[in-house]
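By letter and in written order, the chains are A, B, C and D; residue numbering begins at 1 in each of them.
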């Protein structure tokens, strides 16, 4: 059930409605929009009588929602969600197409810093790189864990890049929340509901990757899990689905971008690196992703892909990434969007923030 | 086996090699390229000794081919194939992005002509429309057959549009070859090898749609069937594959475009109408298809989609098609390609060709 | 629309109803059942008024059918269809589990006869073997064509085996109809509607294989195409569908057997050879197919699988087939069904029929 | 790398080899077999020199393993693993086909006990029922948590049934380990590697369900994760994979049973309830699963399926389950296996164990 408030409803009126909802044992999610505030109700609200709210002051309309998702829905919030970051111009879901780039895994400080400088120079505002790697084999490289997170924090401080990195369980999520700017939930964990709920209680935005065989509804419901715990800053990510096709590692389903945008206010980005698994497909599919209307890209770049400890075959060489940025910038312009400009000397982009890892976390 | 001739090899030398090949009971396919001529050999050439040709005049190199496809391969012909049409500037595989548009089925002369004028005005050079419709149910509208083809021929004459229409068996193929400019083989017939061979003996270009669950190799091998019979003007078409995903009718696999272009010299276009099955996804996916590098689009447009006898839900309204043309023109420009301009009065575009339907066929 | 006649309706009354239907330009399909005759109407019968028939003599009920299939439906005919063959005890759909066995392709008279004797001895009543092979590559062995059919006819005469073989187009169908006992339509042609209609006009039973990515409804609609032309002897065949799974060539979907049986009166058999593509999986999946309730099996057996011209990897060795027959006989018994007994000297099973190939065909 | 010991190698010699392995920083897994002991080495053993072990006393052979899985492999242990339970005759992987039955979720004490009595009477030795339910929607019933586990423990005590129930994160796993006899890891968590490792440190057997789109290799690697932590009692479970097919909820892939058995010594059971999602398909597919060679079944039964809080549509009515047991018992016999007999008065089956499950339970 959604309660749509009048355009001129007061904060007080909104609060009254929320209290009423909670008095019945349900949870109220007040979502302010450009025109009006809507209040989502979660819990088994079947038993709630819409009449209870109809006559309350400030209430314009009470809507029964037939879809299984509520908080992710455009019915609740018509304007697109724009995810913002403290002390940064970067957004996801705004006019600018967000570019997240970096190696699959953080392998060493040197590898990470080299890559960070390259991608910052090309215009990326986000740095990606795994400190915790979910690997098919227990005997494969599993990531540097907290040491990797510390390297990532250093990268933020040196280059002003926002850090996106994956959490694989409650323990790692706690650390990722501390060190990074955006918590990635990987495809294999898209229905790890325990982890989704924990991410919903985090105070950093969540990047939620589509599961390998997730339907659109399951994908949105996974986001609903995060939002139902109170974290409304969720960015979806299409990364290819599993099909019979064998010319790519996964089949990148770009149609899910307009499909999500029709049903939900959440931003959605595309991962053409995992989505194709082949370096030579990354640039054309990146162009296509921007052309279809995606809010961003997440791309694997490695200074020496042939020696990468994971996913080298799908990582771009640095000069390929530079070229990709040029091409998507032009496509973005056609759609009335932009891509951040190149930065000749990214190390100097921002005065080294005094607040390092720990301080940063405190500030948020 | 491929025999690559020297750049300065004479016609006579090429002919000698072909005759030698045929003297062993194999078939020779001489494919002239910009720099050199290559000769493909088909038949079970395992038994052929490369030494037989090594020393012949004009031969530069004899290459054993390990891939199952030969004639479709970039190994045989490095430059992209550009399919051309008599008395028309239109191409598929050239600089211009080919746009084929029209209704799913030819329902009546009026419906067809109305649509044709609309799409010609917007800049399409090809008119699509089914006279033979492969329908899941035997009780659904199956097309107007030869009457439909006659309407299509009239459209060519009035608007200068090239006609693309589907053949479903040998009988219909004979008529399509007579009336149309391009013979479409539908997804359900991609492995109807008997029909592919018949199309390979036709003297009109073939538009070959990817089967619903065809791998890249099967798709290329289907084209090889057509080419092995001597028809080298084959255009491939991605139209979505069948997966678990249920937010679109099929899952449009845009990654197959660069994958085909890497392995084959044949042009490839995209059908976002069947590829998504939903009108509101057609324009974003069309932009994406052009951005990924497709050589063209085939799009369903209907003057009154809600009353269409088939596939109304995925047909664009005329004004949506106009807008689509504007958007893809801009994307094409970013890639150094073009889309034909709008034509204020398409009926006057070409002096009515004297040769009408029957004469046309004769002339080719 | 279905018209259900009273149990005691006369032939005359049935004929009157059929004539009435045809007077409106529709087609009447009168299907006698154990208790009653039902009459299916095909054509766009939306325009027909049920009231037209309600009051006719012998009519019990007029049913609007909402499903897209009619003639295949249990609504039309509650009892299972049992397909019978002239001069043979063999059935498909009866108590006996039908076993069809033989090589993928007829390669030579010797190979075919050797295999035929082996499978006849083990108890198979049907011999399978392709004379026309739909192959992914135009350069692969395509079958012996009519020469292969003649070998098959000889096998029928010598061993009393019923012949099942594939037709790939109208021309081959005509010959298959002449020489064989059952016309196979392959998976790649399941939606070759032109071929389905031609098979619907044939006077031999049709074995219709499920397409690689056919839904249950599409599968039933393909059978409907055959039946709508008047051939009601259709046997369905599950042969695996295409999925992401890579441990078998296809994924055998045994659940489709009870699903078909719930909706349709047609028999359904299973092809574990194509369904798995691996010899070592054929026997366990054959047991499972019988256990799930399939009406038969079609199995590839080759006297020397390692030298087979096609599909050797999935062909059983003769002794493996013997063992398989033993195992499925026991499973069949559990379900109250049987499998034909071994035949010590199959060549003598039946008095050599005077009518050989051509005469046989004439007699039918 | 695997080190195969001589048949007559002493415990001492085995220990020496293990110590040697660990002295290099790797982990040794000593797996005793009927004929010989094999020792698996995990860690990045690429750097180990086989020569190091060749000459040690009792070593017969040092094998380099090319497959990514080791501990699950038949190379390590040729005989099938039989999972046993303290104070119970029940096994998984032995001659008896293990039957696990019960409701999808524990909804109440009454519902659970009623069902338990029914399934115990019919011969099931294992009781299934979720206390933690991973649900697509955050607003659906999520299970009774520890209260549910207590009901399950009571059921073990009253009916002598072994308890199988799902853990969804580290916290719930700890409780499931305490109360239940077998820890289920659900399909959605098949690649929740953090949870797999935790299960690998548990002292109860693990039932590992195949992920919705897991390949055979990924499935085995998930088991390898559990075993690499030292828990060798892993039972695999096929529960249907996601495909385009829409007549069942998932497509049950029975071919994976012989495929697993070929590569691995681990037992594998089948879940036809989730595998089909439809009550009327459960019995035929159960028969098929036993016929294909599965080591057991896990089946949803509910005393009143239409009122079930989850998955009612796929739950059997009690009398359907009785009938299913009769049918699979007969099929099992054909394969030389058995199914436990009916128990007229299951509540009296065992003298109420004071120390349930041997002190195992007491210890909790």
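We adopt the following convention: a residue touches a chain if its C-beta (ideal position, glycine included) is under 8 Å from a C-beta of that chain, and two chains touch if they have at least 3 such contacts.
These numbers come from a predicted model, not from an experiment.
Chemist: If you walk from chain to touching chain, how few steps can bring you from chain A to chain D?
Modeler: 1
Chemist: Is the C-beta contact count larger for B-C or for B-D?
Modeler: Of B-C and B-D, more C-beta pairs in contact link B-C.
Chemist: Averaging over Cα atoms per chain, report the distance between chain B and chain D in Å.
Modeler: Here the centre of chain D sits 53 Å away from the centre of chain B.
Chemist: Would you kindly tell me how far, in whole Å, the mean C-alpha position of chain D lies from that of chain C?
Modeler: Distance between chain centres, rounded to whole Å: 40 Å.
Chemist: Centroid of chain B to centroid of chain C, CA atoms only: how many Å?
Modeler: 36
Chemist: On chain C, where are the residues touching two or more other chains?
Modeler: 213, 242-244
Chemist: Which residues of chain C touch chain A once you look at their complex with the stated criterion?
Modeler: Touching chain A from chain C are residues 242-244.
Chemist: Over in the complex, which chain B residues touch chain C? Could you list them?
Modeler: Residues in contact with chain C: 42-44, 68-69, 134-139, 168-172, 188-189, 191-195, 197, 212-213, 217-218, 221, 224-225, 228, 242.
Chemist: Looking at the complex, which residues from chain D come into contact with chain C?
Modeler: Chain D reaches chain C through residues 213, 215-216, 241, 243-248, 251-259, 262, 275-276, 280-281, 284-285, 287-293, 327, 330-331, 334-335.
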